[in-house]
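Order as written gives the chain letters A, B, C and D; numbering starts at 1 within each chain.
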Amino acid sequence: MEEHRKLEKSNNLIENIKRQYPKLSKSQKMIADFILSQYDKAAFMTASKLGQSVNVSESTVVRFANTLGYSGYPKLQKALQELIKTKLTTIQRMELSNNQIAQDTLIKDVFKSDIENIQATLEELNKEEFTKIVDKLYHSRRIYIIGFRTTTVLTEFLGFYLNLILDNVTVVTYGISDIFEQLINVTSEDMVIGISFPRYSSKTTEILKFIQKKGAQIITITDSELSPIIEYSDHNLIAKSNMVSFVDSLVAPLSLINALLISLGMREKEKITKTFKELENIWEQYEIYTSKENFSEQ
Amino acid sequence: MEEHRKLEKSNNLIENIKRQYPKLSKSQKMIADFILSQYDKAAFMTASKLGQSVNVSESTVVRFANTLGYSGYPKLQKALQELIKTKLTTIQRMELSNNQIAQDTLIKDVFKSDIENIQATLEELNKEEFTKIVDKLYHSRRIYIIGFRTTTVLTEFLGFYLNLILDNVTVVTYGISDIFEQLINVTSEDMVIGISFPRYSSKTTEILKFIQKKGAQIITITDSELSPIIEYSDHNLIAKSNMVSFVDSLVAPLSLINALLISLGMREKEKITKTFKELENIWEQYEIYTSKENFSEQ
Amino acid sequence: MEEHRKLEKSNNLIENIKRQYPKLSKSQKMIADFILSQYDKAAFMTASKLGQSVNVSESTVVRFANTLGYSGYPKLQKALQELIKTKLTTIQRMELSNNQIAQDTLIKDVFKSDIENIQATLEELNKEEFTKIVDKLYHSRRIYIIGFRTTTVLTEFLGFYLNLILDNVTVVTYGISDIFEQLINVTSEDMVIGISFPRYSSKTTEILKFIQKKGAQIITITDSELSPIIEYSDHNLIAKSNMVSFVDSLVAPLSLINALLISLGMREKEKITKTFKELENIWEQYEIYTSKENFSEQ
Amino acid sequence: MEEHRKLEKSNNLIENIKRQYPKLSKSQKMIADFILSQYDKAAFMTASKLGQSVNVSESTVVRFANTLGYSGYPKLQKALQELIKTKLTTIQRMELSNNQIAQDTLIKDVFKSDIENIQATLEELNKEEFTKIVDKLYHSRRIYIIGFRTTTVLTEFLGFYLNLILDNVTVVTYGISDIFEQLINVTSEDMVIGISFPRYSSKTTEILKFIQKKGAQIITITDSELSPIIEYSDHNLIAKSNMVSFVDSLVAPLSLINALLISLGMREKEKITKTFKELENIWEQYEIYTSKENFSEQ
């Protein structure tokens, strides 16, 4: 795990292969060449199959993984898959899913994949980081939330509830103002939550770079240590987002945000109860929700 | 199941109790009185406990359920719980969750609850209805998507992908135009997707009533047969949304929408592949996503 | 002028007529009856024509105006027209404009009407009120801007520039949050700018009523003392909006907002210059605007 | 006028000067040098003053203007001013306005400047082009409206009313979808209205370039023939936008849009009357506007 983290931090499997290339044996170079040119395929091969493809033994493949710093082939394969996943175009993703998912079990597989994403998110959750983030959110002067494309679904949901709990939260979106204009007054006392999932919006990365220069603390919510926003992160939460075909799966990230919101809310139970009491009155008076009254009339 | 569906269609457990009240025995009337006045409590009692509360036997409670048309007490209890769930205020929900969820296992419980929601959604999914809906979406002149409050998260996500597949989709949102203005030209050849989860927005119900008069087909996505939008529904999909504390859980609904989108996309694989090819070019040219090129430069 | 203002403050010509009705002569009662039942027509009649319609002399009509407290018939007529204007439906407005505006001079008349609106706005501008408002805006903790329907054009424009000058401004719009939710933390140290022009959105009035109870100062920008939001106003600016046919004319209100923004900006010239210097760097770096550089390349 | 248009079409005064430079006399070269290096100043000098600055006679300056193809010095000066205006940064504009506008007459000057903008817009309006545009808008399959930054105020207003008249209008804005995604299905049967005023958004220009390749007709609304979007324009309308200090003045453009909407509406009077009748019913039922009923209760 530790070694893997380190590798990921160095951020780039391909770069690692290139760096070690001169030192590799002839057989290992053949493996390296195959991976560099066809990593899309390699990522889904067993050690044995990969060996066959370049006419080397399975154990040579395993040693190749060790040489790169992985404890075994599965670790190398996982790194390849993470890498590939984030780089695939939407069309490549569609083709991948077609080979894997048969038409008749399609629906079932989508739900199961989302369940697995949540389970993996829970298992790998860094609870200390989670607690630190909850703490920090309470002590920020202002909180800004940033995310584009489909992740706006997450930023809007998080922002809506966070504002009910904390009342100093801005979800930064395009409008008459440009994104940067809305962020020129960010200071080091502020907190910025950046959310990015594959296919990573380049705008989010660009803005977090701008924010980092401003000195604000950055919390990232993303899908792996290989995510392009990791390098701007002070604190990070991982939620799995193995996509199903052409759709970005944001189910596990949404579940993680549920957990974050409820943890925050439970800490400030009294304040939040007071807020909701006032809101209930407003909701009732202005008939925002269908109500008990409607019900008892029946 | 069939009987339960019928009861739910008659839409109202309380109404049912009131209607049968004159015919009930003295003991049964005591049970009915207790339920009518304290249904919040009753919904979470066993048959035995409910019997104790009003000094009648467990078997009297079971016969009471039968008299109302349920095959057993569990069915009655489930109806009560569904009813109650949709009527609870946010504060009542917070209190409920506090009794159930201990602080230290809070995070875990949120994720588990979301997994259970997805599992239950998959188990109870009406696959024929699902297939019919996919068919109908292909043959609509125009598709409008409606939902307010937190469900905008779902309408925006669904609308975004649906537009890439079908190109005739409008997510109806507030702006300079009122909602109704955007819907005056809806015809019977159009399809309206209405999404509503607890706490049900009264606006969504009001608008679907307006749409029904216009003669458009209505697809609803909601959490139970007791939902207020069911009465305007031509086709319906259920996704579980047992809320965690004060947060509306939209995780299972989002997973259902993933399944719907992928089923649609797979049918029009060729068209969608063509669209994505054009989009890939645009995304690359205007650097919408972080790209392979960025990666290989490293 | 003074008397007119007073009458307008009593807010209602019709109410005034009804109150004085018992004291009126028989002839005057005939005039009153005609106005009450057909004020749409009466508003566009000369004193002589109005007299003819009810078989009384022109001078009786003039004395009737005096009895109501107007210095002459033109003042009464103007009050009637203001009243009527705000109550006309869009269809009535279209019909009105068709009778008045010949097709061939239509374009010219639209521009001229907008020029007259600006001129009248300038002439009738209350400069003391204007200066007080500029002062108060500087000393507010937070500023909220409210307006719906076509006036969102004004709220967005005002909010965009105000935020560059003051950085504590929120334009309240529909989204995942309801309007009221965004305003629950408004205090008496805050300032709310409410903008409403015919056809007056009932939502704006409803919300200002809510705000008044919260104790915040309210600045209104509207088209006359008869506007429904006047009763919630602590400070008010009038901009003329005599509509052209079915389109709400917001040209003079936009010009008034220009004046307000520039007056504010000039007071904080140093601060604003600093902000714009930072923005220029951002705009240049991220190529927000077409630039001198592009130009000199040619 | 004709010659001026031609020069503007060649799109660039500076370029023109550079091209003619080799043929110029020594005195004329001195004028040319001064203009090229200090056009900010030159644009506001009389012929006499400009002559003094480089030690040549006033008549030499006039002949210089003639050599460039202008009928006199005023035409050259105007071209310089138009050029300069569009290239100034916001800070330069603030400084300009401070020298010109004294504090005590500031408000008055803002209103007067807006009136002048409307008058100039009316005087220079190309009525044939205006009529052609009205025609073409009726015969488009779909209409898209594009504009960013402060011009969204214009696009939203235009789009709102145009949709009530024509029902096939999309105002393209940022959201979960990128701008380009919303435009991939644009065809040569569609019409795109591009709106851009100083400081010109580079995004608008970029998108019109994309649209032109798609083959759709482009109508531009901008402030001069020197605007960067002119080169993508099939039909163009000019509205003056001489800015007041740091604020983009959109008053005359808004008045032009009023004229465009009313001209369109009058042509389809019957259809539009029918639409508004239906809307009146909706507005009344759902209490969108403050109503006559409220009024008569008083």
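Points to keep in mind about this one:
Convention: a contact is a pair of C-beta atoms (placed from the backbone, for glycine too) under 8 Å apart; a residue touches a chain by one contact, two chains touch by 3 or more.
Because the structure is predicted, anything quoted here is derived from the model rather than measured.
Listed by label, the chains that touch subunit A and also subunit D are B, C. Distance from subunit A peaks, on a Cα-centroid basis, for C.
If you compare C-D with B-C, the chain pair joined by more contacting C-beta pairs is C-D.
Computed from the mean C-alpha positions, the centre of subunit C lies at a distance of 26 Å from the centre of subunit D. Computed centre separation for the pair subunit A/subunit C is 49 angstrom, with centres defined by C-alpha atoms. Centre-to-centre, using mean CA coordinates, subunit B is 44 Å away from subunit C. Shared interface positions of subunit D, i.e. residues touching 2 or more other chains, are given as 149-150, 152-153, 156-157, 160, 175-176, 178, 279, 288.
On the side of subunit B, the complex with subunit D involves touching residues 156-157, 159-160, 163-164, 167, 175-178, 180-181, 184-185, 206, 275, 278-279, 282, 286, 288.
If you check the complex, the residues on subunit A that touch subunit D are 149-150, 152-153, 173-176, 178.
Of all residues in subunit C, only 11-12, 14-15, 87, 89-91, 94, 97-98, 103, 106-108, 110-112, 114-115, 118-119, 121-122, 125, 127, 130, 149-150, 152-153, 156-157, 160-161, 199-203, 205, 228, 244-247, 249-251, 254-256, 258-259, 261-263, 265-266, 269, 272-273, 276-277, 279-280, 287-292, 294-296, 298 touch subunit D in the complex they form.
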